[in-house]
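Note that subunit A is present in both complexes that follow, paired respectively with subunit B and with subunit C.
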Partner chain A sequence: MSELLLEGVPRRGLILLFALLALLLLLPLVVNDYLVTVLILILYFAYVGQAWNIMMGFAGQLSLGHALYVGLGAYAAAALYVHFGVSPWIGLWVSMAVAAAAGAVIGYLAFRFGVAGVYFAILTIAFGEFARIGFDHWRWVGGSAGFFLPVANYTSNDILSLRGSPTMFYYIVLTLTVAAFILCHVLLRSRAGYYWLAIRESPEAAQALGIDTFRYKMYAVVLSAAMTALGGVLFAFYYNNLFPEQVFHISRSIELILGPIIGGIGTLFGPIIGAFLLTALAETLGEVMRALGVDLPGIKQVFYGICLLVVVVFLPDGIWPPLSRALGLQKKPGEGDKGSR
Partner chain B sequence: MPAEIYLNVAVSGLLTGLVYGLMALGLSVVFGVVRVVNFAHGEMMTIAMYLAIELFSAFKLDPLVMMVPIAAVLFALGYIMQLGLINPFINRPEHSQFMLLVAVALIVVNGLLIVFGPDAQSVQTRYAFDSFLLGPLIVDATKIYAGIAAVAVAAVLFAFFRFTLVGKAIRACADNYAGALVVGLDVKRLYALTFGLGAACVGAAGAMMVLLVDVTPQLGPAYTLLAFVIVITGGLGSMPGALLGGVLIGLTEALGGLLFTPSAKSMFAFGLLVLVLLFRPQGILGKRPA
Partner chain C sequence: MSGRLELAHLSKRFSGLRAVEDVSFAVPEGTIVGLIGPNGAGKTTCFNLVAGVYRPDAGEVRLDGKRIDGWRPDQVCRAGVGRTFQLVQPFAGLSVMENVIVGALNASTNVREAREKSRRIIEQLGLAAKRDQAASSLTLPERKCLEVARALATGPRILLLDEVMAGLRPTEMDHMVSLFRELNTKLGLTILLIEHVMRAVMALSSRIVVLHHGEVIAVGTPAEVTRNPAVLECYLGGEAV
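And now, the complex of A and B:
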């Protein structure tokens, strides 16, 4: 197991990684509550970005409807908790199952009928929009008026019901992010990982080599959907309110994929670096605007748009590949597998 | 419910569908030639809609008359966008082109939000409440004017591609990229021209659409999606397909809204899209990709 975990990781990278982990573990002890909430946001986007990356970065299937899985996960666990008092620790399995099933349906329909590329991306949007309008009219979970969880009692942390302080959520989302990172690292070195990369690079060649492309694309979608749903559970219990117009909206799907794209699609650190840069810069921008007394509702998204534009034009592989070379963590381009760390 | 209500709603859906069709025509032309999916299509339409609203509220200029200058402005915008931004991306992977246009879309939606605010705006023309009585039917004047204008613009575009030399050259680029280069066509410029034409279509459609709906910046993504649904239903890259798809979606939305609740109307459009993608992925009038 440890061989699988450490194989091919440069010593320097390992030291940096543990230093980063130690820093993240200790940070809530020194920073204020506001910064903890920003860190939660960063880790949340790093986590769901990592989940999306399995589908796009590893298996090459562009999903623009990941808000669907976030929303299904959020609503499933929240509805079980509010209506039946089921603990989110049990509910999250239902959430993952529901999202995985949705992913399986979309994947099955698309891959069986040969829907690929742009068409596949639009199919994922269509299902997301379908769910958004559907939940808008579903009274049992509040419809368009929103669905609310009983507000957390901040004086004590009830981890069984996920009611508690931001610091508690911080450690939960940190655990999730680390777990997803390790899982992706292992996956990339597994048979499935190599099959995915083969499918991403050339579906026809992969098929000709005898890879069951349908099956492995399905694995990617189902795994990605289930992981994203966990992010949704956290979202529901952290924010305590769910509106279909917000949770399922296409702009949520786009927000979620900005991190891995800016960081570097298909890399393990891309989603983390991207989430950190975007969230930190957007929060700074928000602070500056507040300090200047300017209130422009769309400014954050314009900023996201400009970041995205600059990165796709000037750094088509994202920030991580050149950064890791600069840090001496990666072989020179041309040696070994491109950008897989 | 009496049958006339269904007929009335169907006619109104059909006329709105013609404007949808013109909007989608722009997307389809660009995809058919440049092979880039314009993810900022609906956002470009909202630019045209705000132009129309500003011209009307400032100078009382009728959107149907202003359609021509607005289309010209959008043409210029599209031309510059293709030359400056998209041409370098022609040989990049699909997702990378997609992201570029998503970025443009994000900037446009929220730029409009900053400039015009989130509140809905509309145009009140003299004929806003007029209607025509055709036998048992009562049809809104605005919808008739908009529908006729949409057909007229589409006809001009068809004629351009069919009968002019430039139109022929653009079709040559679409058919055979390498061949077009060999015979000495300036492909990059023709691409820019095509993107400009696509943008002009959506500009004209936007000027008509302000007569039918209230404008908010958030309409952009909604119309981008709608345009996708239409061109995929009709056949991506097929010009008659885009118009047919527009009419179909217009009818589906109108009748779906009547039979169920109006707020759920786009669910029916998406339902239609899923069916088409699964059973005829090339669209109703599209050719099967090689």
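And now, the complex of A and C:
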């Protein structure tokens, strides 16, 4: 197992990775509560970005509706908790199953009937919008007035019902992010990983080499949806309120994919770097604006737009590929085995 | 290793255009058969009918006696038919090694095994120096080699080669020819090749099938086919060489 994990990983990369992990583990002990909430946001986006990346970065299927899976995951676990007192640790399985089923339906419709590329992306948006409108009218989960979880008592952490301090959530989302990273790392080196990349590069050639492209695309969608739903569960129990207009809104889907796009689609570190840069910079910008007493609504979105523009124009592969080369984690083409992936 | 391929009364139309009409021929186990004909004769359509890209309007394709027409391309591949594309389709963003590994994973689910096998095949095809380069950095002849390497890695019983010699230098072509001959004699691999380069077809094929306007107009040994009046007619406009 450890051989499988470490194979093809440069030594220097491993050292940096453990240094980063140690830093992330210790950070909440030294920074204030506000920074912990920013870090939670960063890791949350790193996690869901990683999940989205399986579909787009690995298998080449562009989803612009991942808010659907976040929302389904969030609502399923929250409803079970509020209405039936089911622990989120049990609810999350239901969340993942519901999201996976939704992903399977979308994937089946698209891949069976040859909906690909831009049309596939539009289909994913459509399902996100269906859900938004549907949940707006679903009274059992509050409809458009929102669905609320009993607000946490910050003096004690109740991990079983996910009620507690930001620090508790920080460690949970850090665990998720690390687990997703390891999972993706292993997947990329597995048969499924190779098959996904082949499908991304040329579906026709992939099929000619014996790959059941329908099946492997389905795997990617279902896995990505289920993982994203887990992010949704955390979202629900961290924020304690869910509004369809926010949770399922297409801007949530876009926000979620900016990290991996800016960091580097298809790379393992892209979603993490992207989430870190975007969230940290956006928060800094917000703070600076507040300090200056300037109130510009939508400034964050404008900032995201500029970031996207700069990266697309100057670093079309994202930040990670050139950064990893600069850090000496990736050998130049022709120098030897593959590096940072 | 068997790998007998039979095409029986295959027909395919594309909205009125008869691309392939009542084509029947066999590729006996362990042989190399050449499929030739002028541009637009239906050679690649024949390949695509065998490989599962198109479903024939009529007729059957049999691999070792088992019908495979109407199967999906991946099912045909898993049944033991490896193919290359005339317009090469490398996985451009992946390295040469990774390209071949994808093929090798068809035969073995173990990535490490697939990697070993890919290494050998890349060596065999003279791509070792390019192993870790992105496929997008390869020249056209190298890409053709990569197509063959990938198809070979799937562990086929029969290999369908669609103009892999086109654009190759004579020395490269000789290398390919000797490679295919070796695969054929040592491993018993059956090969069906579409080729315009006559030198290669003549050197390799034990039998040649000539297509013209979607129909088989001649079948025979290279010597027979080149003396066939109908073949000369369609290729050279009637004058004997």
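Criterion: the second predicted complex is superposed on the first by the 333 of 341 C-alpha atoms of A that agree within 3 Å, B and C clash if a C-alpha of one lies under 4 Å from a C-alpha of the other, contacts with A are read in each partner's own complex, and residues count from 1 in each chain.
Throughout what follows, a contact is a pair of C-beta atoms (placed from the backbone, for glycine too) under 8 Å apart; a residue touches a chain by one contact, two chains touch by 3 or more.
Remember, predicted model here, so these are calculated numbers, not experimental data.
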For this session: With the two complexes superposed on chain A, say which partner A:F18 touches: subunit B (first), subunit C (second), both, or neither.
Result: neither
For this session: Please indicate which partner A:Y34 is in contact with in the superposed arrangement: first for subunit B, second for subunit C, both, or neither.
Result: neither
For this session: Pick one for A:S202: touches subunit B only (first), subunit C only (second), both, or neither.
Result: second
For this session: Count the residues of subunit A touched by subunit B and by subunit C, then name the partner with the higher count.
Result: B
Exercise. What is the contact status of A:Y194 with respect to subunit B (first) and subunit C (second): first, second, both, or neither?
Worked result: second
For this session: Tell me which partner A:I211 touches in the superposition: subunit B (first), subunit C (second), both or neither.
Result: second
For this session: Would you sort A:W89 into first (subunit B), second (subunit C), both or neither based on which partner it touches?
Result: neither
Exercise. What is the contact status of A:W140 with respect to subunit B (first) and subunit C (second): first, second, both, or neither?
Worked result: neither
Seminar exercise, completed: subunit A partner, complex, touching residues on subunit C are 51, 72-74, 77-78, 83, 85, 89-95, 98, 101-103, 105-106, 109, 111, 114, 130, 132-134, 137, 150-151, 154
Problem set entry | Complex contact set, residues of subunit B against subunit A | 37, 85, 88, 92, 94-96, 98-100, 102-107, 109-114, 118, 217, 221, 225, 228-229, 232, 261, 263-264, 266-267, 270-271, 273-274, 277-279, 281
For this session: Enumerate the contact residues on subunit A facing subunit B in the complex.
Result: 56, 62, 64, 109-110, 113-115, 117-119, 121-123, 125-127, 129-130, 133-134, 136-137, 144, 250-251, 254, 261, 265, 296-302, 304-306, 308-309, 312-313, 316
Exercise. Which residues of subunit A touch subunit C in their complex?
Worked result: 189-191, 194-195, 197-198, 200-202, 204-213, 333-338
